[in-house]
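First the structure, in the form of structure tokens, and then the observations on it.
Note that the chains are named A, B and C in the order they appear, and that numbering of residues resets to 1 at the start of each chain.
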Amino acid sequence: MVGLLGHDNGLYADLTARENVEFVAQLVGAGTNDVESALDRLGIDSRVAAARAGALSAGQRRRTALAALVVRRARLWLLDEPHAGLDGQARAELDGILRDATRSGATVVYTTHESEVSGARIPRTITLSGGIVARDVDSADPS
Amino acid sequence: MKTGTTTTRVLGIFALMITAWVVVSAFFLTPADVVQGDSVRIMYAHVPTAWIAYLAFVTTAVASGLSLARKHRTLGFDRVAGASAEVGVLFMAMTLITGSLWGRLTWGTFWQWDPRLTTTLFLFVTYVGYLAIRRVDVDPVRRARRSSVIALLAVLEIPLVHFSVVLWRSLHQEASVLNTDGDVRLDDLMLFTLFSGVVAFTLIFVWLVVHRQRLAAMSDVERLVGLDAAITARRAESTVGGGGR
Amino acid sequence: MNAILAIARKDLRIEWRTRTLLARVVPFALLVLVLFAVALDSEPLLLRAAAGLVWLAMLFAAMLLVQRSFDVETADHALDSLLSFVSSPSKVFFGKALSMFVQLFALAVVLLGAAVVLYGARVDGDGVVLLVTVLITATIGLSVVGTLYGVVVANMSGRDSLLPLLALPVLAPLLIGAARATEAALGSDTIDLANGWAWVALLVTYAVVFGSAGAVAFAPLAQSDS
């Protein structure tokens, strides 16, 4: 199963943040506990969770979309600029989530415009410039 | 760039010659009908256009099916489907116009809600919709997939329309006042002229579809060339500027 | 099955929150019935035309509901995301068609009520079973075709005029069938109950054909641009 997150969040504006995550959970067969822990993990408190997604700030919507992604437990994560619209603390949290996902065996591919990569340990970085591969650093363990 | 080749030129010349013969024969050589008089001559244009309208519908359906089913030449079949639908809509309009003119002269009304006419009318509006969706500007592969599906849905729709209109007319209690069999007794020359008309219009149809399809291929190529140029320009720009956003 | 229900429930929950059906589509459809009455200006003619006018209003209203249903999906590219993890795209099709059915069925009941009040149509004993069957089968057909063509034009510029142009010719057999069968159920001089049931057979065939077509065609149509 593929977890896809593009520039858009893929949320329903007229559902609450919690309902959006619950909807995804229902379709992938995840339980209420998974919804709670995903919301927790992204720091979405009950007040934010009960608000319409359309009324949330850009950062809160991004967090909700990420919570929906966590609840999906995808094997392959494809993220297009996931750090966009997040503040420093949220970025650190996001890196933590991505690390957890790779630890549990998932493959995470994401694009970013940040030249210095934050704390996360990234096995392979491909730098593109003008459509040409400028650098391909493979720092994965040989094992 | 040209869309013509020797084959299409020969085809075009044949089409013109046969059409010229049909015009001469239809207007001057064939006799007037005993009942309908000179108005029977509309038949030589009406029957071939109706034949082409349905030929185009079948061509579009088959080409769309092939476009969806095959891995290669998807776009080629889609262009044939689109070209055939465009020419088909033109001929369907001509069928409806010549048909209602003929109807005015023989039945006294422009339009009659009989199954054949009604089905043709719905076929016409369905294909007008099909062409409208083709005009929406998207990437050619997506357009090919979407328009092929719509053309195949039309194949489901038209028999249902025809069947429901037949049922509609047959359950209707006001019996048809008009004698719809409009049968004309055809002598050999009339039959031959009619047949020539069908051949001529078929050649014209093939000629138009081949050219239209090549034109579409050229504009697709032009689009790709434009895209390549844009990418090259972007690359040149970034090597000069030293990368970055 | 659970996925289909979850998707339908999601759509109905959004509808309940935004009240598009209640606040806009129902008033619009009723207005159409009133305007028909004004335009025709003849009570016997209205009574004779009641069934056809009700279904014509249903078709117009369905165009609005279908667009709303897919605007919700495309506003934030939720449909793309949904398709990336749902087990089968046909479940999305049936889920959305189901929520469409619930809304359109409610609308059909309201419009028939309006036909009784405004046009003097009468529902008597014998016709009730036929009437309910027609309402269900025709609304299923309308829901599947609406959903199918809704995804064709989803996210497309000019979709508001493209949807009717594409969908209404396809809905012609349904309009003919539903109008005649409803007329038979309401008691008419020109068509009897037995003929009404013949039309129900057509409506069932129609729903099955386009229901299956929609299940197959939804995936290639829903794949997004880019």
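The criterion applied here is as follows: a contact is a pair of C-beta atoms (placed from the backbone, for glycine too) under 8 Å apart; a residue touches a chain by one contact, two chains touch by 3 or more.
These figures come from a predicted structure and were not determined experimentally.
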- Item | Mutual neighbours - chains that touch chain B and chain C alike | A
- Note on the structure: Per CA centroids, the chain at the heart of the structure shown is C
- Maximum centroid distance from chain A, chain identifier (CA atoms): B
- Message: I'd like to verify one number: the distance from the centre of chain B to the centre of chain C, where each centre is the average of its C-alpha atoms, in whole angstrom.
- Response: 31
- Message: Centroid of chain A to centroid of chain C, CA atoms only: how many Å?
- Response: 38
- Message: Using mean CA coordinates as chain centres, what's the gap between chain A and chain B in Å?
- Response: 51
- Taking each residue of chain B in turn, which ones touch at least two of the other chains? none
- List of chain C residues in touch with chain B within their complex: 148, 152-153, 156-158, 162, 165-166, 169-170, 172-173, 176-177, 180, 190-191, 195, 198-199, 202, 205-206, 209-210, 213, 217, 220-221, 223, 225-226
- Message: If we count contacts the way the header does, which residues on chain A are in touch with chain B in the complex?
- Response: 113, 129-132, 134
- Query: Of all residues in chain A, which touch chain C in the complex?
  - Reply: 1-6, 8-15, 19, 23-24, 26-28, 68, 72, 74
- Spell out the residues on chain C that touch chain A in their complex, using ranges where they run on. 2-3, 6-7, 10, 13-14, 17-18, 72, 75-78, 80-82, 84-87
- In their complex, what parts of chain B are in touch with chain C? 68, 122, 125-126, 128-130, 132-133, 136, 138-139, 142, 145-146, 149-150, 152-154, 156-157, 160-161, 163-165, 167-168, 171-173
